[in-house]
Amino acid sequence: MSGIRNLIGLVYEGVKDNRLLWLLIIGFALFPIITHFADLPFWNDVAMRIMLLGMAAMGLNLVLGYGGMVSFGHAAFIGIGAYCAGISQFYGITNGWVHLGFSIITCGFAGLVIGYLALRTSGIYFIMITLAFAQMLFFLFVSLEAFGGDDGMSIDRAEFGFIDLYDPLRLYFLIWIALVVVGMGLMFIVRSRFGVTLRAIKSNASRVEAMGLSPLRFKIVGYVISAVVCGIAGTLFASWQEYVSPDIMHWTRSGELMIIIILGGLGTLAGPLLGAIVFLLLEECLPLLLGAAAPAYAENWMILFGPFLIMVVMFGRGGLIGLLSQLQVRRNARSDHRGP
Amino acid sequence: MLELHEIETGYGTGQVLFGVSLTVPPGACVSLMGRNGMGKTTTVRAIMGQLPLSAGWISRFGDNHGQRPSFEIARAGIGLVPEGRQIFSNLTVRENLKTFYRLPAGQTGESWNLDRVLALFPRLAERLEHAGSHLSGGEQQMLAIGRALMTNPKLLILDEATEGLAPIIRHQIWECLNLLKQDGQSILIIDKNVDAIAKLADHHYILDKGKVVWQGDSISLMRTPDLKSRYLGV
Amino acid sequence: MKKAFTIAALAAAITLAPAHAETVKIGYMTTLSGGAGIIGKQMQNAVELALEHKGGKLGGMDADVVFVDDQRKPDVAKQLANRLVKSDRVDVVAGIIWSNLLEAVHKPVTRSDILLISSNAGPSTVAGEGCHKNFFSMSWQNDQTPEAMGKHMQDAGIKSVYLMAPNYQAGKDMLSGFKRYYKGNVKAEVYTKLGQSDFQPELSALRATAPEATMVFQPGGMGINFVKQWKQAGMDGVSKLYQVFTVDGVSLPALKESALGILGTQTWSPDLNNAINNKFVADYKAKFGGYPSFYAAQAYDTILAIDHAIAKSGSKDTDKMRAVLAAGNIPTTRGLLKMNSNHFPIQNIYLRETVKDADGIVTTRVTETVFTDHADSYAAKCKF
Amino acid sequence: MDKSVLELRNLCKSFGALTVTNDLSFTVEPGEIHALIGPNGAGKTTLIQQIYGAVQPDSGQVFLNGREITGLGVPERVQAGIGRSFQISNVLMDFTVLENAIVAEQARLGQSFRFLRPAFSDKSLKAGASKILSRVGLEDRAMQPASDLAHGERRMLELALALATAPKVLLLDEPMAGAGLEESQRMTEIIDQLRGQVAILLIEHDMDAVFRLADRITVLVEGAIIATGTADDISNSSAVQAAYLGSA
Amino acid sequence: MTLTLILEQTFNGLQAGVTLFLVAAGLTLILGIMDVVFLAHGAQVMIGAYAAAAVAAATGNFYIGLFLAIPVTFASGYVLEFLLIRHLYRRDHMEQVLATFGLILFFNELIRIGFGPAALYSDLPRSLSGFVEILPGAPYPIYRLWVILVGLACAIGIHIFVSRTRIGAMVRAGANNPEMTAALGINIKILFRFIFAVGACFAGVAGMMLGPITAVQPGMGEPLLILSLVVIIIGGVGSVRGAFIAAIIVGLIDTLGRVFLPAMLRSVVDQATADGAGPAVASMLVYITMAVVLIFRPTGLFPAKG
């Protein structure tokens, strides 16, 4: 009894400390109401994609932002997760829980193997070896004819017992619940002793070693957890898309995830989700905006998008979260000034 | 030549120098002494423009005391023989020398070139095509001095000129420095060998915990035996 | 400019037509940005040309076409398809170049009881077991074109052939289609890396095998590279080159003279002699400069098909339009197009040769009809 | 007879042609402060690295409390009882002082693989961490980010973190380096207070501090020991004088 | 599998290798000396190819195209370093990846707007089309031989430049110890900018030479970029010699693996499995090689001396 009360206390405490994250997540819960009354059902779809990529980015952020490991191949785990759903269906297993379990086990194992091999290197070598593994998996799935190869495989949405995913809002809320679970889990992990140690390793691995801990073991565990989170996102992505193809693990998607994290705020809980919102809305709106301003160049929207990314690096240190906290500081300073 | 006025600097939040002043007149040989960690190398780094000053100023050859990038300071006429030699291990002896050859900025005497450096250090001539990493400590020290001379400096700075060298090599180095001094070369030298330095240099500064605690000429240095045990030796 | 035209035409239609005039809304999805943007651009041009030819109306209704750019990404395509269906509430979704993108949008669109008309992609999955009554192809099933190539080479008595295609689904479909009709000696079946740009190693290996003929499928930029390198390696003296979807309206401007004389099969060619095609090609050349590609022709046909469906049924109701289209006899640049039971066209397939036209521009010319009224081989598996 | 806390037997290490440790043997006895001095490049830091496990010797053995630890990696040696500070301050710069200590405390407790409870708000960890900080007098700086600390304070923090692992022998690599006069004095006092609690191997150039602190001094030149003895023995040794001040 | 064929394929591998080397040579210096993960190096390949093709089309002379494209790529590298890259030196790898990824998008789009989305027509000069018999019965395209020769010439040129010239010595000194180099009077900033521009230039040369044999189109440099990163990693970051050896290894492995692996597999497993797995493994071969090298030598085959 007291254990549960204790847990609730911990959750309350965590949520209180991470208001922005949970505000965003609650926002996603309320979003369908807006789309319902504004009669914009399509935007639910956009929101689902944002939640899914945001979830994957949150997973990657554990290694990238908290662990300081620049993995350039995390799209592979999204892909493995998606193919876990696809391949299960191919063999007639339609139960979504089974897909998720399969995905967690496979991604955990893949994360362990890749992490173990890749973490022997560091710096640019680590970036490249993670990319190499992702490329291998990409080409592997491209040539797996049984599962559609490059054309991918069309699949049905998974069955989650009583939840009929063809009711659009059911899928929406299944993804939302996954987001809550992942958000909650990562919130606990980064604040836990493990998470604190992981951050300490990023800050100064030799000091952590001098405390008698082996940085490698923590890094590998972190890598595995983040792989599993990306896998879960991938499995749900497959259900959302009703389709799986190697495109989901193209190297540019790994880059996209990194962009989302840096845009939102590296090493923060809310950052990746915020980054996903802004990044995908931008992808959605930039062509429209450019189309309105210079119709002949609507399809050349990347000419703005590229420099935008450069600007984020040059001027947006700490990403959007950093920007927000700067504003906060400034506002506080101003209100202090006005004070009696 | 060189004037340091009340300079303060350090690394990050750790301040190392607390108001160091020092002057090297033209043609003079000045020494800077003190135990390890007292701020000698930090002073050199400040002179070379590798550390920003938090207070005070440095005037090099009468310039306007401003902060300048390292390469401009070198070109203005300061030749550095750094602590630990810092030989380019992936360059041959010849390259270590020739790459940095520069015509003298203001003519003071005969200018330095490869032949003259090799004449000064015949050992280097034998090892001309060897990689810097294959030299012994003494040869590296000779190379570091030769490399600095190739820039035809008005002022030569030697940081730990003889540290970690065999006695016979030390002896050679001191001899060569004497030659340079007779040639009219201005020198700022850092070393722990008090006896040798007292013979070479005209004026001495002793640093302790980031401050100049003593200065004077060789005679007073030798006459104050207390200095050695307090600030220099064991 | 072209958009301005549509808007102007619409404006004109609105002022002239009585207030009760219905509007048919079409979502046209293609790849406009990125490396494949050139194909999408041609298709967009053709769609706009078709609207112009129809006076901005399809089947008497005001036409409103929404172009969307799928960026050649399945997840973007799927999301856009949902937007077209749910937000823009289009009556028909059309376009789509790539098989994998078609797979991604197939379910969400057909499930919404809206017609999905492909202007290009036609993988075997949607032709066979995965077919849907709301899906129509205005192009071809992947296997059909290489089947014609196989038949032609079989008939021409070619004894040995070397096959080459990229290592992905369409590549495998193409080669298996070819082998269905070619019964001679297949010396080797080589699958290259998707997106490969240098074929010299494969050409060296081919030279060592010395087959009588070579049949390749290398679409897009790969085709340009392949043909260039084929010529540069002097392979013409070693083997005779046949191709499908490798030398076409998109790659010819980059290949120019180096593609002369190469044979290929295709369901369409700029010189097909019928009133619709002559007008289409002439006006396209006049308006956009240069020959249209088969992608453009199929995009043009897609709009003609929608026009035909609305005009004949008098409605934009999905069931009624479907019935009209399923009945076939759709007037297109390929003549009156018949429809198979799986909603893929039954059509002629021609042998085309790359030639120079009167103005010295490199284009293709039909030399022979390989198949008359050719149907694909998956229809039997399709049960609505 | 007490067993030595740390014993090195015939340690050898070379990098290429350069011999940095030449058949070196010596001991650190329980509770003593043993200073290691010598000119730059004598091989002091490389020796520390070999004791610590970051550099493996070419031959020879290292014993801790009579147990051989030669083949072990760094974390294992730390767990066995070797603590150290580094030449350049080595603390968790992104963390506050208290958080630094919390990470050390949970590492000491072997509780770093726990995933549920937030670490930084855990009362028992905080209490343990405060105790760590109080040993070096940094309690009142607990909420400061480590990057805001003055240089000397950062050295104190590093010492505290090294002590947090409850080492049997503490390796201090130039703890006064870069410190001002007052900071050096405070550091000297704190190290002095540790006398008897833990055996210390001290590398230091500040001779005032060395003479004040060291029970025994070992002089290292070119990877070999030239003298070992009390402060008086060493300052009167002519060999040491020559090595330091030159006798050219 | 005759000897002729193996020889011919070795030539093909060599040609792929030297092309890769040209791209990798600059990139390994940028990575090794300036520590910048410069993903937009592929764009320099594209700029080179476009400059050469456009000038050749305008003047009708292939060689003028080649000649003028060199200063164009040099200038583009120089300006790029000045405007953006020098601000990235002190940033971490992740930020460099992001910013230079943005550059890729920008350059590709710029070219698309400037030259249209279609591939540009560019063909061999008449003097370089035709064949030589490298062995009786094995004619080989002159142009490919020319590419190999130019590539090897460039490699020798880079080698001489880096190991024999005074500026090369400065570059090596700068890589070895930038602070000391500056303290001896060398302007490191300008030196770095120069290296960057020269690196861009070599990538441009690769682009120019590829123009006539592959499609000149936006994004043409990206596949080369990824491969040349692989080359650099295998060779050891910062080592030009390592890049050369690794480029040849990667070129040969990729070429020979592609052609011979399916056949070799067929002799081990049954036909169907071999046909399915052969091309798949062949396309992964390069990455497998890199992963294996890194697992056993985490800093590549020839780590640059520190």
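Order of writing sets the labels: A, B, C, D and E. Residues in every chain begin at 1.
In this section, a residue touches a chain if its C-beta (ideal position, glycine included) is under 8 Å from a C-beta of that chain, and two chains touch if they have at least 3 such contacts.
Keep in mind it's a predicted model, so treat the numbers as computed, not measured.
A.B. asks: Mind listing the chains that sit against subunit C and also against subunit E?
C.D. replies: Per touch definition, common to subunit C and subunit E: A.
A.B. asks: Would you kindly tell me how far, in whole Å, the mean C-alpha position of subunit D lies from that of subunit A?
C.D. replies: So the centre of subunit A lies 43 Å away from the centre of subunit D.
A.B. asks: Go ahead and note the Å separation of the Cα centroids belonging to subunit A and subunit B.
C.D. replies: From the centre of subunit A to the centre of subunit B is 56 Å.
A.B. asks: How big is the gap, in whole Å, between where the Cα atoms of subunit D centre and where those of subunit E centre?
C.D. replies: Once rounded, the distance between the two centres reads 49 Å.
A.B. asks: Which residues belonging to subunit E are in contact with no fewer than two other chains?
C.D. replies: Correct list: 112, 279-280, 283.
A.B. asks: Which residue numbers or ranges of subunit D touch two or more of the other chains?
C.D. replies: Within subunit D, no residue contacts more than one other chain.
A.B. asks: Considering subunit C alone, which of its residues make contact with at least two other chains?
C.D. replies: 37, 41, 167
A.B. asks: Pull out all the chain pairs that touch, please.
C.D. replies: According to the stated criterion, the contacting chain pairs are A-C, A-D, A-E, B-D, B-E, C-E.
A.B. asks: Going by the contact rule at the top, pick out the subunit C residues touching subunit E in the complex.
C.D. replies: My answer: residues 34-35, 37-38, 41, 167, 189-193, 195, 197-198, 200-202, 204-205, 207-208, 221, 224-225, 228-229, 232-234, 250-251, 253-256, 258.
A.B. asks: Along subunit E, where are the residues that touch subunit B in the complex?
C.D. replies: 166, 169-170, 172-173, 175-177, 179-188, 305
A.B. asks: Okay, in this complex, where on subunit E does subunit A touch?
C.D. replies: 31, 37, 84, 87-88, 91, 93-99, 101-110, 112-113, 226, 229-230, 233, 237, 276-277, 279-280, 283-284, 287-288, 290-291, 294-295, 298-300
A.B. asks: Using the touch definition from the top, list the residues of subunit B that touch subunit E in their complex.
C.D. replies: My answer: residues 48, 50, 69-71, 73-75, 79-80, 82, 86, 88-91, 95, 98-100, 102, 133, 147-148, 151.
A.B. asks: Okay, in this complex, where on subunit A does subunit C touch?
C.D. replies: On the subunit A side, the touching residues are 40-43, 45-46, 49, 142-143, 145, 148-154, 237, 241-243, 245, 247-248, 283, 287, 295-296, 298-302.
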